[in-house]
Amino acid sequence: MDKIKELERKSRARNTAWTVAVFALLVLWAVIVLFPFYWMLLTSVKSYASYNAEYVPKFFTLSPTIENYVQAFTAVPLAKYFVNTIIFTVVTTGLMLIIVVLSAFAFSRLEFKGKNLVFTLFLSLMMIPNELVIITNFVTITNAGLRNSFAGLILPSVTSVFYIYLLKENFEQIPDELYKAAKVDGTSDFKYLWKVMIPICRPTIVTVVILKVIECWNSYVWPRLITDDENYFLVSNGIQTIRESGFGRENIPAMMAAVVVISVPLIILFLVFHKKIMEGVSRGGTKG
Amino acid sequence: MKIVLEHLTKQFISRHNSSEIVTAVNDFNFEIPDGKLVGLLGPSGCGKSTTLNLICGLEVPTQGKIYFGELDVTDLPPENRGVGMVFQNYALYPHLTVRQNILFPLENLKGEQKLSKEVMNEKALEAARLVQIDTLMERKPSELSGGQQQRVAIARALVKTPGVLLLDEPLSNLDARLRLQTREQIRRIQKETGITTIFVTHDQEEAMSISDLIIVMKEGMMQQMGKPQEVYNHPANLFVAKFLGTPAINVFEGKILNHKAYIGEDAIMESDAEDQDIYVGIRPEGFIPDKKGEFSCHFDRIETTGRDTSIVCHNDRCISDTDIRVIVDSDDELNNENGIIRFNLKPNKTHLFSRKDETVI
Amino acid sequence: MYNRNNPKGWLYLLPALLFITVFMVYPLIDVFVYSFEEGYNFASQTYTGVGLYNYSYILHDPYFLQAIRNTFILVIITVPLSTGIALLISLALNSIKKLKDLFQTVFFLPYVTNTLAVGLVFMILFKKTAYTEGLINLLLNSVGISSVDFIEGPYWAKMFVLCFYTVWVVLPFKILILTSALASVNKDYYNVARIDGTSRLRMFTRITLPMISPSLFYLIITGFIGAFKAYSDVVALFGTDLNAAGMNTIVGYVYDMLYGNSGGYPSFASAAALVLFAIVLTITVINLLVSRKNVHYQ
């Protein structure tokens, strides 16, 4: 046993120098990736006084405090931003899911005149950058009096051509025979969709939901355009406000506490679903 | 170039259970004479591909030595061994043309060995001619049939005129008709070049049909080595007997008593061995229908497939997975009384194996 | 057996059609209309004429020119840099077995984090304040380089931070794509190349690169498009008043024209957005033409 291990090690160790270099590179990048997270966590538990007393910042603290977290929730309406973002994320994702599933079903299973033409048009819309349409949407929503409302925040984000495409591809992999069998049994289209297709395609649907949740949680541009009332701010806008006017600008530990609070949900989501997320993104997501 | 393996062993730690050792190749000793075509034969997972990888140097043995001619190559990296290898899926570079694929190994040569463009092209064309693909030089692999891809892979392996050519399951990705053609091609190319060639296969018919020598493996152990017909006629053990031949050999439980071998109550042949329990293997072609024959079976049916007529029958002592199959001449007279059919057995087609270690008696 | 022409299909499509028409198709037409309406007044929704004045205005606006300059610098630096680093890291990742999953997961982390939030951390790391030089400056000092204010200081210092942060943000996606592309290259290609005595460098240039070229090319195209649309990460580092910081980007200019202190000019915004679109389209077409020669699709 030992001899074999030894031999295996030897054959691998032939390129010891190479391996060391490879790991050095990987560790270096891992540090660069993780350090900001560590720093925000560390800073968020340093007291305001001790943070500002450190000319050379310390890499650890012996007296962690939660005062910054208390501050973050009391001095600025962080809880409000948080709740807003949750409402925005849940409603947007839910509506999008309904719309996307219905259209993907129509494209993949139903036969009707003009289907192919409409689908081609849908596909060509995938190439249109958001920046082009956001201007008119801003005017539309403003004129509709929907600024500073959840409707205004949500409505333009409830369709995604890409997710329709993704789901349609997945739906089409379900063998035709299942549909025919269901029709023979007298199952309605809607019941078939609900009882057969959605359960079979659950993995893809979960992926779509996770990606959309990430997108919603991080969205900044549209909420910024459409809200100037703090009561409707999402976390991204909240952070920006905190940065520019909250906590008297220099209270960096409190800022970091707020940053930690809004980062945690997604990091937990990622830790739980990292396989699914990475798989979903590699199937064609770009940062929305 | 002759190839000698001495006590060659490859063990590694199991991927599933790190405290478990897998012995892929167990104490191999054999010598492959120069210029032969050798088939390395065994069921999947028996270590034949590992053996090939050890010979070409992609894997390092745990123990033992490999010699090419007189030269100990055990510690040489693959590029210094002068081997050519054809992979099961051919591993042709999809973005390069046939010509570029064949040139690839030549372009790797450095220093004194470096060749001029003209010489390289000449050599590539020569190799392509040998495998008869010289008219397809500017195509991409995706534009070739499976058989053509196979030949490009062989040309690429041959272009550096290696001392040893290794083929990993060369025919498994081809359809039945191409397989026959291609194996003739491999045979011809090997004869023309005279390069010592080892190929790995799990298909016994393939190995039997073109090899000068076959080596039968099981679970990392070499079972038998020899000329195909010799191995078929004189299997060293029950495994070899069962592995070679279609339809498979029929196996029965039997015993030796007073210098006679029995299956059940039927005394089938003489034997010098001492009294013991045995297995009896009888080739399908080893039965001669005879009313007075010494061996009896229950008749089931007759199957005629093309040129062969086979009798399907059963016997309580038979331990093969399928019913007994007997290949007979269509003009043999069949006797069938009350569902019992009797045979005489050909002694050279009937093999006795020890029940204990399954070796031939 | 089932209906060839099932009008119910339209019913299922209705919600999507509705939203797409209102929030994608109509705006797409409208943005062209806006861009040609001169003197558009947001409050009264009237305009004085039709023509190219909006384009002429923004192309003479120093803020827009600054934004174009910034965007191009950002693109030219970060696209090759991030693709190169991603390739390097992916190659390293692919050559190890132990810890590969762990590293991969860690490297992907920035993808799921809030750009604004982490940007704030970067700002703090790089910023000089009354209390401290900032961590990065202290590191620089320790190797004998004098400190510089990366956030409110000289242009190239700010550009450096921006590029650094952009690379940090875009790398997870690129590493993910390249790692799976590399992993899908059949190992037999390398085995056969090894037997033929191919050097590592040659294996990389003649086998690896051609085999992953479709993914690489995909990353370059999406990388260009993404970098041209840079905005959130810039805001995260330098705040919302990007013109004052001299760090505005084209997209930032579009939004500033639309809203905020300098806002209320959807016509100018539309013209700027269309200029951006034209630039991105041109670059993409050039990319496609170049790739036709160099990318190998199986």
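The letters A, B and C name the chains in turn, as written, and every chain counts its residues from 1.
Just so we're on the same page, a contact is a pair of C-beta atoms (placed from the backbone, for glycine too) under 8 Å apart; a residue touches a chain by one contact, two chains touch by 3 or more.
Computed from a predicted model, the values in this text were never measured in an experiment.
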Legend entry - Chain at maximum distance from subunit A, centres defined as averaged CA atoms: B
Legend entry - Pair of chains with maximal C-beta contact number: A-C
Legend entry - subunit B and subunit C: spacing of chain centres that average the CA atoms, whole Å: 57
Legend entry - Centre distance in Å when subunit A and subunit C are each reduced to the mean of their C-alpha atoms: 17
Legend entry - Complex interface listing, subunit C residues touching subunit A: 1-10, 12-13, 15-17, 19-20, 22-28, 30-31, 34, 42, 45, 88-89, 92-93, 95-96, 99, 103-118, 120-125, 129, 131-133, 135, 138, 168-170, 173, 176-177, 180, 222, 225-226, 229, 231-232, 235-236, 239-240, 251, 254-255, 258-259, 266, 269-270, 273-274, 276-277, 280
Inset, instruction - Could you pull out which subunit B residues touch subunit C in their complex? - result: 56-58, 77-81, 83-85, 87-89, 91, 93-96, 104-105, 107-109, 142, 156, 160
Legend entry - List of subunit A residues in touch with subunit C within their complex: 18-19, 22-23, 25-26, 29-30, 32-34, 36-37, 39-40, 43, 52, 54-57, 98-100, 102-103, 105-107, 110-113, 115, 118, 122, 125, 128-129, 131-140, 143, 155-156, 158-159, 161, 164, 179-180, 183, 189, 214, 217-218, 220-221, 224-225, 235-236, 239-240, 243-244, 250, 252, 255-256, 259, 262-263, 266-267, 269-270, 274, 277-278, 281-282, 286-287
Legend entry - Footprint of subunit B on subunit C - complex, ascending: 186, 188-189, 191-199, 202, 206-207, 210-211, 213, 296, 298
